[in-house]
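Letters A, B, C and D mark the chains as written, and numbering starts fresh at 1 in each.
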Amino acid sequence: MAARIGDGLAGRRVLITQSEDFMGPVLAEVFAEHGADVIADARALADPQLPAELVRAAGRVDVLIANLAVPAPATRVAEVTDAEWRHVFAHMVDPLPRLVRAVLPQMIERRAGKIVVMGSATALRGLKRTSTYSAARGAQLAYVRAVGVEVAPHNVQVNLIAQNFVDNPTYFPPEVQALAAFRERLAREVPAGRLAAPREDALLAVFLASSEVNFLVGQGIPFAGGWVT
Amino acid sequence: MAARIGDGLAGRRVLITQSEDFMGPVLAEVFAEHGADVIADARALADPQLPAELVRAAGRVDVLIANLAVPAPATRVAEVTDAEWRHVFAHMVDPLPRLVRAVLPQMIERRAGKIVVMGSATALRGLKRTSTYSAARGAQLAYVRAVGVEVAPHNVQVNLIAQNFVDNPTYFPPEVQALAAFRERLAREVPAGRLAAPREDALLAVFLASSEVNFLVGQGIPFAGGWVT
Amino acid sequence: MAARIGDGLAGRRVLITQSEDFMGPVLAEVFAEHGADVIADARALADPQLPAELVRAAGRVDVLIANLAVPAPATRVAEVTDAEWRHVFAHMVDPLPRLVRAVLPQMIERRAGKIVVMGSATALRGLKRTSTYSAARGAQLAYVRAVGVEVAPHNVQVNLIAQNFVDNPTYFPPEVQALAAFRERLAREVPAGRLAAPREDALLAVFLASSEVNFLVGQGIPFAGGWVT
Amino acid sequence: MAARIGDGLAGRRVLITQSEDFMGPVLAEVFAEHGADVIADARALADPQLPAELVRAAGRVDVLIANLAVPAPATRVAEVTDAEWRHVFAHMVDPLPRLVRAVLPQMIERRAGKIVVMGSATALRGLKRTSTYSAARGAQLAYVRAVGVEVAPHNVQVNLIAQNFVDNPTYFPPEVQALAAFRERLAREVPAGRLAAPREDALLAVFLASSEVNFLVGQGIPFAGGWVT
């Protein structure tokens, strides 16, 4: 039987950052199920030296999953502080170019590599009381568009999942999901009427990391149950 | 081992329209490789009765691949004729709601179903001497957005592949690919620097038709090597 | 004092179609206030000969406002009929290329001209029970993108207003506006919390028709109070 | 005669930042021509205290034009340094929330205000060797979307001009414009085939700052001669 999506992941070295947060746990599990050699690093990456160290320690990296997250502040625009802004950018934005430049040279040399950024649909659609978070996710998205186009000729594919309403402990902890108001919001705002299961999201990451398809570059794929179309 | 993308296609009935044109042949092949029961119908669908007949004859349809295409006219805006416009819309636009309304009731009743429209990135980015074709592809895209959002609560997922620069005989016949000017255009305009192999595109259709991921709805996914980001 | 937006409209011949429907009346009024010579034609344009006749009778046309509308059906996807589809496309889509090709040659010859299509944000964001209407508006938008790019080198600018929630008798008649449910929907779904006044929309059309700015081409500008961002 | 675009600017206090860079000079000139009371501040705003000081010193601000710019580095992705990244974000991104939170309370209190961010189309379309700059512009755009939606109910309108290929000394200095290769690039990549005159861009800012139209919120308007559609 011919190649199927994810076949090529067997034996590939997949580096997942912040592996105990956001989509980290399910990503590690699902990539491992595909036979990948998962290098899961649990550290937050605000320290400027860490991304390069991480990549150096990892050695060969065929796939980088940039899973960067901090809880989203729900501050009104006029009350956002410099500290909030800096905290969010230091964790979600600044590490991204550090990771990418650490990992790109070996990918370019091999003329093969995948980078998947676990991003947010708030980069595409405005949402109140989310200005800091949205700005950070918007930086990631535009970065991916630029980098994706630049490195495509080297057969390295860089893309981003612009997700929202995916079940994960960082953004939708059990106590939030238990609220009637939250369930009503899901029914009203999300055409799919539910949170995505973590595994559905991880399988989109598998698709984007799959060596069977090398033509999707520089995209932010909305994955939000129809909240963004 | 846990479910992988496309596992659920085994035994599923996949209806592919215009199966000898555009992406039809590779779609039939790749879905069959995934164990699907492929119903390939080669007819163009301009006849208003055909879509309903086709679906009636097919019986159970788990996945509809709306593969609708005619060669793209390269007419200047001021020289487009009514005949050109009508021909393109009659083949690519008008059959779509007929197919969808024929197939939706059974999908809604089963609370499961996938519709994938093989569309075009020209719906998203303007291109000269393509006005008729782009308009038709734009109608498809907006239709998919509206339908995707409407039927998502029934657990039916409708999406579109907004492709360009994918190798297929309808749009990039061998004599075009042989031209030096064409290869230079690829290098200049398409960051990936090449045409996609048909199989890469078909695997994106497999992803969108896969029962393992049911949260992507109403989307037009650009698949154009970075020509659209 | 230097040129202001709309100064150049004085004495310009502005053709407005379907001038008693949709945005027609306010457009005629506001362009006249800017000193334009308004040619207002009230006829629906489903007849294939009419657009060319209209333009021929108008003579010189500096600005074409393609104001095409029929009431939006609220039919569920599976219940849309061929008759509904044909009616909507015959009034909103098919006349557009006929108008454009009738008016373009004189604009290209003069190396000056503006075409503004009064379109819809439903081309950009999926909305349930609006599939026919959205598809038609999507065709308009993609057409404008293609044509806008093609004729830009001739110094003709073609753009579209992707509006929603603008007060007009075709889509928001007084009896709808009087409903409490409608006002609650506005508050919930439209960040601006209200319908736009017709004049606000007409001033955007003035901007797009203004000879002071000739660099905006092939765009669909969302004008929907934040419903689309 | 009824109100025209920009009429309401007479006597309005318009704060323009970095007024000698990027679009600053033409903005000051064109807003003054419309009778506005222009407060032009020439300083770069990397110092975290400056934005608040600036707004405090300005007193009443009816319109904020966030004109933030540094020359765009043309560094390859793998060679971007932390210093480059920090420099660009410190000048173009970090000052934005500081300016907005300084100016918003008075606007919300008066239930009237306009904020226009002079941004970039590179936030929307990937461009090689522009990753740092694009990421910064992407942060601005997503911030504007979020803030625009949040403050719309207070009748404050926040939007962004996503420009490219507009004549200005920061990005297209005379020595660049003189290059044959640059003129060829314009002809090939920009449908309009030229740079926009600074005044055309400033008039779009006038439109977005005009009190005659208060329904456009949270938008990034592409202004790039068709380079983005």
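Heads up, the rule we're going with is that a contact is a pair of C-beta atoms (placed from the backbone, for glycine too) under 8 Å apart; a residue touches a chain by one contact, two chains touch by 3 or more.
A quick note: this is a predicted structure, and the numbers were derived from the prediction, not measured.
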*Examine where the copies chain A and chain B touch and state whether the two sides share over half of their residue numbers (same) or under half (different).*
same
*Measuring between mean CA coordinates, which chain is farthest from chain B?*
D
*In whole angstrom, what separates the CA-based centres of chain B and chain D?*
39
*asked:* Could you work out how far the Cα centre of chain A sits from that of chain D, in whole Å?
replied: 29
*Can you list the chain A residues in contact with two or more other chains?*
125-126, 128, 145, 148-150, 191, 218, 226, 229
_Going by the touch rule set out above, what shape does the chain contact graph take here: line, ring, star, complete or other?_
complete
*Spell out the part of chain B that touches chain A in their complex, as residue ranges.*
1-2, 4-6, 30, 33-34, 145, 148-150, 152-153, 166, 191-193, 196-197, 199-201, 203-204, 206-207, 210, 212-219, 221-226, 229
_If we count contacts the way the header does, which residues on chain C are in touch with chain B in the complex?_
48, 76-80, 82, 85, 89, 93-94, 96-98, 100-101, 104-105, 108, 122-132, 134-151, 218
_Residue numbers of chain C touching chain A in their complex, please._
125-126, 128, 188, 191, 226, 229
